[in-house]
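Next come two complexes built around chain A: one with chain B, the other with chain C.
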Partner chain A sequence: MTTETAAGVRRRGRVALIDLVGDVNAAAADNLDHAWAEATADGPDAVVLNFAGTGYINSTGIALIVGLLAKARAGGLPIRAFGLSPHYREIFEITRLADFLAITGDEDSAVGAAPRDADSAMGTTGGTSYG
Partner chain B sequence: MADIDDATERSTTNWAKKVDRLTLGSAPAGAVNLNVEGRRLTGPLQGFGTMWQKTYRVRLPRDVVEPRALIATWKERFPEFWPGGNRFYAPLTGIAPGEVALLNLALPGRLTLSTGVMVLYADEESFTLMTPQGHMFAGWITFSAVPAGDDGVMAQVQVLMRASDPIFELGLMLGGHAQEDRFWQETLTRLAAAHGLASASVQTTVICVDRKRQWSKWRNVWHSSAIRSSIYTLGAPVRLIRSRLSRSPGN
Partner chain C sequence: MTTLTGSLRRRFLGRPTVAARAQAAVRRPELAEDPAPINIAPNDPLLAYLQSARGPVDVQALQLDSPALAALKAADVKLAVPLVSQGELIGVLNLGPRRSEQEYSTDDRKLLDNLAAQAAPALRVGQLVRQQEAEARTRERFEQELEVARLIQQNFLPKQLPELTGWHMAAYYRPAREVGGDFYDVIPLPDDQVAFVIGDVTDKGVPAALVMAATRSALRAFAPRLIEPGAVLERANEHLCPDMPEKMFVTCFYGVLEPATGRFRFANAGHDVPYVKTADGAVELRARGMPLGLMAGMSYEQREMVLAHGDSVLLHSDGVVEAHDPQRRMFGFPRLKEAVATYPGGADVIDLVLTDLLAHTGPGVEQEDDITMVTIQRAPGSTSRLLLDFELPSVEGNERAALDRVGAAVATLLPEARLDRLKTAVGEATMNAMEHGNSYRADVPVCVRVLTEPEAVHVQISDRGRPPSGGPTETPDLEAKLAGLQRPRGWGLFLIKNMVDESREFTEGDLHTLELSMRLGAADDEHPGGTHDD
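Coming up: the complex of A and B.
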């Protein structure tokens, strides 16, 4: 069974949290983009992804997460995650997302974690020509 | 709760198990296992160059094929749809999570680049290949099929990639990107032709996800499959002489 993704945004101090609910797949792209825009609109110190409510994540969903990591780099914005099941923690290790994303056990740890150095974050620019 | 259990079960089945380094048994006849055994996997975050998302799409009529049937065919006959001069040595068990395939890719100058991929993910609607250290790019290639409108099926190849090292980055800038575009466009053209569409139009969309280069990854060049394949090719005469000497009478 497939469930549509919802991505709600809330704030704790200077940290923005994106609560992901449902499956993370190609259909989640627009909701994730809107949530990211809302979360980063006022220049937070960090963004935290909450996976506690997610169901199924497929490879396209993982690619969307890479896109968020990339967007974070432009401003050296730290990005962290919590709520991943042991299985999806393993997926994040296989795909080597875990190399670039601090994964914590709970929300307080994710919100309270010291900002990481900008070098380990990712970023985005637009363009369609190679070079 | 049942949905979560279902999601976990599906996920466990569809994703590859964690591996620290790739292992492959014996290489198929004609394939060279030069740059796969013992290598780590590399995602788009581990590469050197600019990060690109390239999407190639072709539309097929749904009265010819449904999305799931298309993916089943694509998995089963994957090597057939590759452009000429390139070889995909499919795993004996087919495209399944965790399986490793060897690749021989044609490069300019009659050089054959020996590398490979691991099947990272596979379900009934899509499958994803992930590259190992030394591949020309670090990233994933996702093959999928989805309904398009009332009567169509969109077959798609999406590549999320960074050049692995500075040499490959230069190569991609000097024509490698265009060559790669042609590669996947021809793959989709062949896929469409196999379903009766003789002159398919492939739509290509390229997005720069991250223009920055990760200079800390320049050392990836140590694993370069191009350099190692070139050395292997140049050493062919020496291996031939050694082989003949070892077979000559008295040895």
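Coming up: the complex of A and C.
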């Protein structure tokens, strides 16, 4: 069944976390936008997307994540993710989302990833400054 | 010199001198009148004489056994001035007696010679312009006739093929530039039978198109009443014979299909033998019979076969087998038969044979004759079992219900990763069906069917009102999307193709279906057929 998306924002140090719960689909657009605005309001060093509470991401949801990536690129902000099931990890690889955001196995790794690591993930597209 | 005979005409430009008095001469009513032309026959010795003459010729003094010279003398022509351009005699300037009744002087002759030297090239240019204009008009008429022929033919070809449950029809027709006489037809008959016709009229252009139209009309008139192929061809032949133009006839294959049983009766009026792809290879549909319109009183052998599940008939015209390569070798029957035996049936064999033909003739070569192919394919035998069949209102979010139900139904058939891939593809296909097919109209449902076979599981997702996607879809490029060069969306078809082993679209009536297939028994880590770069 379709489940409403919630997107809560937490902070761990200079890193903002967005906890996604429910389906990442068209209905998630507003919540995701608000969460992004809240997460990036104070200029964090990085944003981490937590997909552990997500059971379904469809093509529209992927488009939303592409939108977040575009915003992150514009602001030169590293973006990382964890909690993806093997299936959605595969989809992130097929769509090449994995080339543009660092996917880690757990939250600590995502939060603690050295900026250099994150930058290198972003750097695969040619640098960290996209302004 | 034949071309000269019509252009060598007597012209009076004045007496007794030419240039200075020409205007005065024109004002004289009796001289302004255009005299009757004098034609010079190609074998008249006067032609050779004028061709080699140096300067004006004294007509009255000339002695030749020449009808044209006699005619000139009778018309009181005194001087004939040859008009020669680039060594070719292109006209003659004929002059009557001088008004003073004196002989033409040496100065007059010099002046006329100079005038001829100036006038001849100008006259030649004028002749060439007129010739080109005439050729252009001829070409234009020819093109108009071809266009008429094309219109006639295309108007008489079926606008669409019948939708028969359990059968797939496909047809291809491409006229040559000089439209030939190919045609095909599909005629509904009583008791759900269907007649298939392919034919070829000898000759090209409008005459062939008109005979094609007459043949088609005759077959359509007799088919529902007589049904049996042999009888229909016999009756059509009797009908066509009396009015068939000389040296024209029609080859025609006529078959009647009973879709429910696969029974296919056929007769052949001298047309290229069709082939059937069967489990045992390509089979020829041979039956004896003379072309239509050649001779009255003909009878036509009728034969039949039962088309088994998976069998595919290829009806074809001689434009296929008689296509030549640059060394003038024909494509040939053996090669076409081999293609039918080895290629998949239905529309696929048409596409593949066309590809082979192009390779055979070479690119950019004008097509020699019309090319027509029709396929009649019986769907493969149904060893599948219906596992699930349900409908969903076209409401946003309902794709979750579709993928959950399909997932539950096939959970024991697929390993986990492949099950997840199929579910994602089902979700995306259902979204597409609801959005693009049914425009999210809640009262128009999406139909989902799950079928299993020993080797595979198929999920069919159907909507209404959408033609097959046909053309290429934009391949999503994440970098382009991030750069704003592509819209963020557009991942659906990409995901579908990458998630399942096979996907195909088909339309039956107003139902458009996308079928997603996963092989059974494949390892969990075996990735579906498509590459990531699709």
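By our rule, the second predicted complex is superposed on the first by the 115 of 131 C-alpha atoms of A that agree within 3 Å, B and C clash if a C-alpha of one lies under 4 Å from a C-alpha of the other, contacts with A are read in each partner's own complex, and residues count from 1 in each chain.
Note that in this section contacts are C-beta pairs under 8 Å (C-beta built on N, C-alpha and C of every residue); 3 or more make two chains touch, one makes a residue touch a chain.
Just so it is clear, the structure is predicted and the values come from calculations on it, not from any experiment.
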Quick check on the superposed pair: does A:Ile91 touch chain B, chain C, both, or neither? Answer first, second, both or neither. both
Touching A:Gly67 in the superposition: chain B (first), chain C (second), both, neither? both
Contacts of A:Tyr56 with chain B and chain C, given as first, second, both or neither: both
Please indicate which partner A:Thr104 is in contact with in the superposed arrangement: first for chain B, second for chain C, both, or neither. neither
Intersection of the chain A residues that touch chain B with those that touch chain C: 1, 23, 26, 56, 58-60, 63, 66-67, 69-70, 73, 85, 87, 90-91, 93-97, 99-100, 125
Of chain C, residues touching chain A in the complex: 396-397, 399-401, 404, 417, 420-421, 424, 427-428, 431, 476, 478-479, 481-482, 484, 488-492, 494-495, 498, 532
Taking the complex as given, what residues does chain A use to touch chain C? 1-2, 23, 25-27, 56, 58-60, 62-64, 66-67, 69-70, 73, 85-87, 90-91, 93-97, 99-100, 125
Where on chain B is chain A touching in the complex? 3-4, 6-8, 10-12, 14-19, 41-46, 51-53, 120-121, 123, 126-128, 130, 140, 142, 144, 146, 158, 160, 172-173, 177-178, 205-212, 216
Could you list, by residue number, the parts of chain A that touch chain B in their complex? 1, 3, 23, 26, 55-60, 63, 66-67, 69-70, 73, 85, 87-88, 90-91, 93-97, 99-100, 119, 122-128, 130-131
